[in-house]
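Structure below; questions to follow.
Letters A, B and C mark the chains in the order given here, with residues in each chain numbered from 1 onward.
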Amino acid sequence: MTSFLRLYFNRLLPQLIALGIIVVAVSLVFPGFLNLQIQNGRLYGSLVDILNRGAPVVLLAIGMTVVIATKGIDLSVGAVMAICGATAAAAITSGHSLAATLLITLGVGILCGLWNGVLVAVLDIQPIIATLVLMVAGRGIAQLVTEGAILTFNDPGLIFIGSGSFAGLPMPVVIWLVFGTLVAMLVRRTALGMLIEAVGINRQASTLSGVLTPVLLIVAYVLSGLCAAIAGIIAAADIRGADANNAGLWLELDAILAVVVGGTSLLGGRFSIAASVLGAIIIQAINTGILLSGFPPEFNLIIKAAIIVFILVLQSPRFRTAFAFLVPARGASKPSERAAK
Amino acid sequence: MKPKYLPLTATLVIFLLGYVICVAQYPNMLSTRVIGNLLTDNAFLGIAAVGMTFVILSGGIDLSIGSVIAFTGVFLAVVLEHTSLHPLIAFALVLAIATLFGAAMGAVIHYLEMPAFIVTLAGMFLARGMAFVLSIDSIPIKHPFYATLKGLYFKLPGGGRITLIGGLMLLVFAAGILIAHRTRFGTNVYALGGGTATSRLMGVPVAATTIRIYALSGLLAGLSGIVFSLYTSAGYSLAAVGVELDAITAVVIGGTLLTGGSGFVAGTLVGILIQGLIQTYITFDGSLSSWWTKILIGLLLFAFILLQKGIILVSRHRQQRA
Amino acid sequence: MQTNDDILQAIRIEKTFPGTRALDKVDFHLRRGEVHALLGENGAGKSTLIKCLTGAYRRDGGAILLDDTEVDPRDTFEAQALGIGTVYQEVNLLPNLTVAENLFLGRQPRRFGMVDARAMNRRARDLLADYELDIDVTRDLASYSVAIQQVVAIARAVDLSGKVLILDEPTASLDAHEVAMLFRIIRRLKARGLGIVFVTHFLEQVYEISDRITVLRNGQLVGTRETASLDRRELIAMMIGRELAAEIHAPRAEAQQGPLRYRFRNYGRKGRVRPFDLDVRAGEVVGMAGLLGSGRTETAELLFGAHRADSGEAEIDGRAVDLASPRAAIRHRFGFCPEDRKTSGIVGDLSVRENIVLALQARRGWTRPISRAEQNRLADHYIRALDIRTADREKPIKLLSGGNQQKAILARWLATEPEFLILDEPTRGIDVGAHAEIVKLIEALREKGLSLIVVSSEIEELVAYSTRVIVLRDRAHVAELDGTRITADQIVEAIAATNERRTS
């Protein structure tokens, strides 16, 4: 068991180091960064803020990880967030109970995922194209629901999801911690994770071994839709209203980035939910850190781009072959294998 | 008819049908003024979409063009405000930067074997970041040369005008069509879309072609940025967000296969016009809400993906029979 | 030195891949104006040799002489410029370009800097006229049949290189009429003085078109002979190595005692394998012999449900069953080791352990995971039982050698406790030690009462473990040998006999 834990730790090491460097760097420039205080039984501080602000991307990254593991991609999650935020606002303002509202919203998210999944698994459309449809149309659908305006609500229950706290932590953090743990348990305690990896690595061999490939693909996209729905509820609850235009805008890109920073290959296969969550936190830490350290916020995107490029270059197959002696771990693809192909 | 013309024909038929429906409802839409505006309003998108067409034909994608457009606008605004350079020199400068930027992305994609999606995503952040660094405010451009350029137009019978930027878009499309079908580079682009490995075996210079494709896309995004700054008379780092998505949509609706290798630059023009037509119709109607544009375009996108899937299935079936 | 009649000489070519020696000091000489057939079963080294000649692979040793000058093409493009052109079975042209563009890609005629499409199309038509082809060269290549695409590919290759033409299985998907057209073209090119290498697995075509034959086997040169003086039986023996087969087969009468369990009647699928009848008893190994493309792999895939049968019935223990998909077959305790280990067998990035439990886990469904302890137990058990050489069970399977990968896939099925095991070329491309172990394993499984179907191109191997051998030819089951009739001679006889019947 200890060896298993060590393996797990090794997998997360690069992300932990990156996060550590960012935290140290920011706290050097902005000494108050690490401060935590408790007010009214709730934790406050920049670190908590990062976890809180990062909630939507963390949630999207959880679903995105599973989709990318199947060798897919889900471009629609930002739009699905908007749809679900709009649905939640519309449901609660039209008098539904909180429970009904949440159920309806999650149902809509699942439906969106199902649509994507069917396009990919049954109609066999390339994932990037299949999910582009909902990415384009989704925001229009969300605006249709809210009729173009920002649909505000004041249901205390729904608002609590965005700004309340539980056990000293902001609700969004509690939600992604719980949900992320649940999904991680779901994929690792059942055989789902391994079967999804198998499909992502070699779909044909998996099918010949009796793996029910189409169902697994659909499950992945449905999970992604569900994650987007939760993220949509949190985003709407946070601003006490549904903004169909801006909710989740371009967050699909951040989510994909989080997965890639987390070390899951865009070519599918091995994945780690925890690493993707860390990836999302790293991205949020960069955002918040740049803000706090007094850097002009306009440098935010450039620094982000530079960090991504750095991480990606490290992961690139060419770089790995050229510098194989530096990074011998994780089965860097051998040149001989490429020749044999 | 050759099957490869089928999506293009479908696009054209949809556009003409849509136009007839619009005119039947609002006869005013037949005027040359509407057509002129259609061209002017979509000029920057159209120019960028030509570059995107080449990228997609080669089997790639370029997510950076919206950011490059914004960067170009801010660059021009800042340069014209703070220096006494003539706009034409500024144009040349910014086009060179945009082209180099695209070429660099192409080089990274080819030499580091990284997916275009991720490389151009990083490029998207980088370009917008550079725009932010130049200025986070919207800077108006008041150079007299801009006013001169904006005053140039070609008068059509019926009161419509083809403005400089509308005409420029048509020129870019004409040049794009020529490059795609009448140069070795154009054939090489299609070849890459047909299969990189086979292309390499057949002697296509894969590295040079890839780099040139993204350089071309960068150049056209830069040109689109110039047009956008003429159109808005300002440079703003938050402008043109999501233009890449509109361009990709126009390319696909225009009948180009997102997997590469098949399609036409001319189709993209029709794709742009369809999107513009939907918007114009909604403006004319006045009661319809703008979100129907997105929903309709999404549906069109879906319809085209199904159509292309169908064509591929049918031709494969026919081949098996043959 | 060789006679200067040779246009191309390959001397002691060596090529090694991790775990296998793909070419072991192979000599190959091609004369001007001859059609030279290059034969051998899958994995014999044919395509590796071709790839070394065309620069697609860098050879590890040996020399290549073209027109008596040593050449060293670094890629296919350079080989082409030197004069060596290649046409592959899957036409290596771009289906989305027009015929003319495919012919002149990279060297389109230009006027004022623009491609002169009219001149290009005219030259394309002229070029193809030499090949009796009068087609619309402005259409996409994809709109033409494979035969025409093949001819276009040949025209391009000859136009670009013009000394040596290598045809890699060009006739695999052509009908008789198209083959005749292709052969007319080949004869014409031969008369022009080109040296032509012809790779195929259709023996009658070899006898029809070739002047000489070179046979490879397991990466080694078996020999080069004049076609006219090489008898068909001898050729087949050269290809599948009967001379190695000691006549050791002991009739296994006891194996016939098992009850009849699997019954297939009129089972087939159009375009893959003609309807056949097949009965398999418990404790029986049914060998499938036949040359490449004879329908042996198709039979295996059909039995496992990888492709759905479109005629006939299947029965297990007297009850009708539907084997519509691999999942359905696995429910009936079938297992299948596919021929192409890399693309259809292993899941490369997963560990040995995960590869071993994959099929069992898939059958149980994702909600009923096999516990980690149980997975470890299974993996360790099979790693030990089958002697899978791996540092530990968590190593990604792609890092193992071919033989060990094969054993792991066998373990994947054994873990599901199968009753009917279909093995397609279980010993291909693996080292001698692993080879013997797999043969032993097959016998052990038979003794345990399993029913096995084994497809193999190694005849002595089939003789060693089969209780019955079915011979396939032209996508049909044509003969069945059992008991004392299972000898290498008889199998070769059966393959060759049907061959002769076809050609006469």
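Everything below uses one rule, namely that a residue touches a chain if its C-beta (ideal position, glycine included) is under 8 Å from a C-beta of that chain, and two chains touch if they have at least 3 such contacts.
The model shown is predicted, which means the values in this text are computed figures rather than measured ones.
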Pair exhibiting more inter-chain C-beta contacts, A-C or A-B: A-B
Chain at maximum distance from chain A, centres defined as averaged CA atoms: C
Centroid distance [mean C-alpha coordinates] between chain C and chain B, Å: 46
Chain A-chain C separation of Cα centroids, rounded to whole Å: 44
Distance between the centres, which are taken as Cα means, of chain B and chain A, whole angstrom: 30
Shared-contact residues (touching 2 or more other chains) in chain A: none
Complex contacts: residues of chain A adjacent to chain B: 73, 123-126, 128-130, 132-144, 147-148, 244, 250, 253, 256-257, 260, 266, 296-306, 308-309, 312-313, 316-319
For the chain C and chain B complex, residues of the former touching the latter: 76-77, 80, 92-97, 101-102, 105-106, 108, 110, 113-115, 117, 139-140, 142-143, 145-146
Contact footprint of chain A on chain C as seen in their complex: 17-18, 57, 304, 306, 326-327, 330, 336, 338, 343-350, 354, 358-359, 361-370, 394, 396, 398-399, 412
Sites on chain B touched by chain A in the complex: 61, 63, 111-115, 117-119, 121-126, 128-130, 132-133, 136, 237, 241-242, 245, 248-249, 252, 258-259, 289-299, 301-302, 305-306, 309
For the chain A and chain C complex, residues of the former touching the latter: 7, 189-192, 194-195, 197-198, 201-202, 204-212, 216, 269-270, 331, 334, 336-337, 339-340
